[in-house]
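We call the chains A, B, C and D, going by the order they appear; numbering starts again at 1 in every chain.
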Amino acid sequence: MPSLSPSPTASRWKGFANERERFLAAYRWMILARIFEEKIAALYRAGKIVGGVYLGRGQEAFSVALGMQLDQAHGDLFAGLIRDQGGRMAFGETLMDSARTYLGSVEGPMRGRDGNIHRGRPTRGMPAMISHLGTMVAVVNGMLMAKRFHGRVDVVGGVTIGDGGTSTGAFHEGLNQAAVEKLPLVVAVADNQYAYSTPTCHQYACADLADRAAGYGVRGYSIDGTDLTACLETFHEAIERARRGEGPQLVVGKLLRLAGHGEHDDARYIPARKRQEPHGGDCVALAREKALKSAWASAKEIDEWHAQTQERVEEAVARAQSEPEPNPFRESWHALATKHLAEGTPPAQ
Amino acid sequence: MSITYLDAIREAQARALEEDPNVFIYGQDVADFGGAFKATKGLAERFPGRVIDAPISEDAIVGSAVGAAIEGMRPIVEMQFADFSAVAFNQIVNQSATHYWRTGVPCPITIRLPSGGTEGSGPFHSQSVESLYAHYPGLIVMTPATVEDAYGMLLEAIRIEDPVIFCEHKLLYYHLKADALPRSVLPVGKARIARVGRHASVVACSAMVHEALRAARVLADEGWEIEVVDLRTAKPIDTDTILASVARTGRLLAVAESFPWGGITAEVVSRVVTEGFHLLDAPPQRLNSKDTPVPYHPNLWRAHRPTWQSIAASVRHLLGL
Amino acid sequence: MPSLSPSPTASRWKGFANERERFLAAYRWMILARIFEEKIAALYRAGKIVGGVYLGRGQEAFSVALGMQLDQAHGDLFAGLIRDQGGRMAFGETLMDSARTYLGSVEGPMRGRDGNIHRGRPTRGMPAMISHLGTMVAVVNGMLMAKRFHGRVDVVGGVTIGDGGTSTGAFHEGLNQAAVEKLPLVVAVADNQYAYSTPTCHQYACADLADRAAGYGVRGYSIDGTDLTACLETFHEAIERARRGEGPQLVVGKLLRLAGHGEHDDARYIPARKRQEPHGGDCVALAREKALKSAWASAKEIDEWHAQTQERVEEAVARAQSEPEPNPFRESWHALATKHLAEGTPPAQ
Amino acid sequence: MSITYLDAIREAQARALEEDPNVFIYGQDVADFGGAFKATKGLAERFPGRVIDAPISEDAIVGSAVGAAIEGMRPIVEMQFADFSAVAFNQIVNQSATHYWRTGVPCPITIRLPSGGTEGSGPFHSQSVESLYAHYPGLIVMTPATVEDAYGMLLEAIRIEDPVIFCEHKLLYYHLKADALPRSVLPVGKARIARVGRHASVVACSAMVHEALRAARVLADEGWEIEVVDLRTAKPIDTDTILASVARTGRLLAVAESFPWGGITAEVVSRVVTEGFHLLDAPPQRLNSKDTPVPYHPNLWRAHRPTWQSIAASVRHLLGL
């Protein structure tokens, strides 16, 4: 995100002078994600978005804490899902990549072929998710196996999933595979209490999803996913352990989805009292409180960050909106890299 | 009263739940929430304990439906999107489809698949998978194109002793309307002449029937009478009705929304030429989606799938125009 | 197995007067399974078997202890896999059903359409496995859900799996589903140290597969699967707990596969010393020792059981061999119960 | 020296491992054990660390192969039986097949599927799944029928930048022999005239090529010259070569071992009639396995699949005899 200035950069812990710096860097990624998603939601209501809109509201701390502490330049990986706007950006996705996919620009990483939440840049450590939940764990495993084949054992792959996604066979196979291969994988489970409308009592019967860790022979952590400091510390530890060769780490963050499943969903099935219960808070508001209370930033500074961020977001959206849409007559309509073997073209001679 | 395709699907389920205590519905978000598309809205309240939310475990959902069916139940499984049936593929084609043949014990399950492309849905929320399941022995594959068939065929699907893959088209959910629920529909396995004609036969199913009908209306203005055959079931295919239509028109275009290799259009064309070669006055034609995943952007999506425009163009070609 | 006399009958614990009775009943099922499988293996070597042969040698105690303590007449279920000759028979499968599938008789439960290890009688509580491992858990779940719909909450379903099978997505989805639905399911994991040639270090990374129980919110047990008494007691407890509504029970038995994966496999990849290590013993020999040491049976009595069993097995095999093979011209070649919808038949009018 | 079809598969993998350090093999029991069919025997020892035993997790196996391919590796996945690819179906058709199209990053993986029926193997160790995968955009599907092609095409499969479904027929593993490994084979995507004839064309692939050749020999004794076309790849299909053959013979029989609805025979027949209708002197014919799961008992199995006898009978019918 080179155009956002002054801006935190994706970096490992060592890159930060002190706790304050790390906290504020993360907080500002959270602000960016929140403001960007609010803009996208407004555009959705105005009918300006191609496809659906799924927000990470309430999950920014948990997502950013992982994404920011991975090191893209070093070769780390981050495989985000639909609620990882924060983590994606903090890891290194550009604001334009995000904006372009939502707004249907052909310049986006998926060139209009696939949509906003599925976006990725696989060769830059950001695999492009498919919808089928759980399946990206194995993909990241394979990327890490490839790195190991190439002699790189000090890179870490981060992969995210929701409470609902843990019920998939793919998730199980992937986590078990990572454990058997002792891969440097950090799995972040955002237990946001719902999968679409389904509460966790219909999803799992254990006390805490972190209880699964022992069954795979991996280290488990269970934290308050709305507490940015806890998220930063836990992911820092998990990433460093994975990097040191201790194998997969399973981090479960308890939080609440502060939005509908998608913007088409009013989420009336979530009782209002949930927001008052533990883990029901807004991590962005909580981070702001903490920054103020610790005198790490003044209200005025924070307001300025908001204003600057808002401006950048508007700029990016405006630019994406001015870009061309995909043109079906320019499409190759071939699904193969080996062009001469695509049906409809003459066979090789 | 006006009833949508989606209403019809909900009403058929309500009636089945009412008529047979062994019917139940199982799927993600189907209970209080009423399903991603609201196809089960209100049913959990009306039929307590018989509409059950499932974890995100399509393989187990179908596997358990098979188990329940063995014990005399008649489960209706709702997939959130047809595309997600890919993770239940094994339980569908290897467990449910083989059960009766292997053991002699029937496996009456109905798997409802919200199918087909819509704007901005992309590669994983748009697939048409009827050809996939029709390939496997032991399954019946329904592809209703009308409100009446959505209702009548779903009721039949639930009553049938075999696993039924019920492909409902998302594009028809809200916009397709009828005045009332039908009293009766054609028997399962019979195709329907959706429009009578004499210059060419267009064979299609599901949403493509409506594209074909629109193409036929356009061509009618040009003086051509196009017969449209609505397959209704992808398996079994009612070869007799298709042959009878081709006997009248001498020309065949098979249209389907699924991918081009194999699939319905290949099967229809092959049956017509192996059994009714002499009926044809011109080479039969096929029209499918393109051989790429279903694109996300509407500009691309509209060019990817067959439309009334491309159908009309194909028919003109078929007519030698 | 009405023709085997004097014969133990499938029964719940309450049906046995004392420990001795239960032990000997189980031991005799084990003898039957062992002798039957030895006969089948001999026939396989002689080229008389249709298809492959996979033996349960070394797993009889674990398998029988589950099968025997489930109550078929009461409505319980037993879903066995390829190494459950013992459990199948102890549950209630007839010797003729077993013999017929191996020998290709058209009178067998699968009528020649499917093979020996896939056999079942689904309407008698014995679902017919498909090869794809892990998939039968969900099937049994569904059968139990149906029973619950029909008001039967006091029936128990037993399902078996190997160490390798636990790595499948299907197994995970099934066990989690059972836990969420709190079904009366007993899952028996025969951890026989190998999946085909693959040792468990390539299969899982946890200390004990029973460590998975907590992650599903189910009760876990880890036992010596070669110790018949331990198997009987543990499965008894697990079955009773499941029957009382305590939800799924996960029983892991440590043992060693005392044969090749199939009879085509000489298993030279299993080091000989494994048989001397813990859980490496032969449960049938161990049960015999215990019966003698406890003075529950004399060597002469045991020899007589062997001789009688051998005779019954020979009889059953001879009978199955004399029965007709399937005739392709008598096959309907329709995969549908709804005959008139099968392709190739005229459509309904 | 005599080299079997299975040897050829092993040698191709050995050569690929030797030539390209990015090649590795992943699957159940493939390392020290050498695979269920011994197709990787000795390779783990020769290429330490590059032949890896996997847990029984087909979905993760394919998913991780995709990940490795993204990072520049060239994974060869061995499924123990083609039938088990059903539990990896989603990763194959939705992850690997869409990857290049969606992201522009190629996904060069090869999935080896021991395929097809053998005596006493039954419904879950006998399937022919080429039609299934050929339906999906983004996959190349190879079905080698000869020792030479098993070798040459597998080498090509590993080199190709796209996911390749490599269907090797178990019935050919041990019995099909050649004198030496080929120096070169036809390019991928080209069909082969396996036998020249002029009275009818039989188009087949994999083991069915040999049944067709045997039928042709029998018919030759009766004075009929049957041309046999070996497809080699189920996708892409070399329509030109098929059309050229039909142009010579005027008659077409398409034969495949997979289930009858859809699939290769439907695709071949459809292409010929849509593109070469005027070449045909008689209605084209199809021959598939029957529409039930693959039976276990040899008596039933032999009647279920096409054989030289049933092919000869179909050709006689085609010739109007």
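One rule holds in what follows: a residue touches a chain if its C-beta (ideal position, glycine included) is under 8 Å from a C-beta of that chain, and two chains touch if they have at least 3 such contacts.
Please read all numbers here as calculations on a predicted model, not as lab measurements.
S.K.: With a step meaning a move to a chain it touches, how many steps does the shortest path from chain B to chain D take?
M.R.: When the steps are counted carefully, the minimum from chain B to chain D is 1.
S.K.: Go ahead and note the Å separation of the Cα centroids belonging to chain A and chain B.
M.R.: The computed centroid separation for chain A versus chain B comes out at 36 Å.
S.K.: How far is the middle of chain A from the middle of chain C, if each middle is the mean of its Cα atoms, in Å?
M.R.: Averaging C-alpha atoms per chain gives centres 45 Å apart.
S.K.: How many angstrom lie between the CA centroids of chain B and chain C, rounded to a whole number?
M.R.: Comparing mean C-alpha positions, chain C is 40 Å from chain B.
S.K.: Two or more other chains in contact with one residue: find those residues in chain D.
M.R.: Touching at least two other chains: 54-55, 57, 59, 83, 86-87, 90, 94, 97-98, 101-102, 123-124, 137-138, 235, 261, 290-293.
S.K.: Could you check chain C for residues that touch two or more other chains and list them?
M.R.: Within chain C, the residues that touch at least two other chains are 110, 113-114, 118, 130, 132, 167-170, 173, 176, 180, 202-204, 334-335, 342-343.
S.K.: For the protein chains shown, what form does their contact graph take: line, ring, star, complete or other?
M.R.: complete
S.K.: How about chain D: which of its residues touch chain C in the complex?
M.R.: For chain D paired with chain C, touching residues are 28-29, 32-33, 36, 53-57, 59, 81, 83-84, 86-87, 119-125, 260-261, 290-293, 295-300, 302-304.
S.K.: Using the touch rule from the top, collect the residues of chain A that touch chain C in their complex.
M.R.: Contact set of chain A toward chain C: 134, 167-173, 176, 179-180, 182, 201-207, 209, 211-218, 247.
S.K.: Quick one: which bits of chain A touch chain B in the complex? Just the residue numbers, please.
M.R.: Counting only chain A, the residues touching chain B are 50-52, 104, 106, 110, 112-115, 118, 130-134, 164-165, 167-170, 195-198, 202-204, 269, 325-329, 331, 333-335, 342-344.
S.K.: Going by the contact rule set out above, which residues of chain A touch chain D in the complex?
M.R.: Against chain D, chain A makes touches at 109-111, 113-114, 118, 120-123, 127-128, 130, 132, 135-147, 149-150, 169-170, 173-174, 176-177, 180, 334-338, 340-343, 346-349.
S.K.: Residues of chain D touching chain A in their complex?
M.R.: 22, 24, 54-55, 57, 59-73, 75, 90-91, 94-95, 97-106, 108, 137-138, 140, 160-162, 187-190, 235-238, 240
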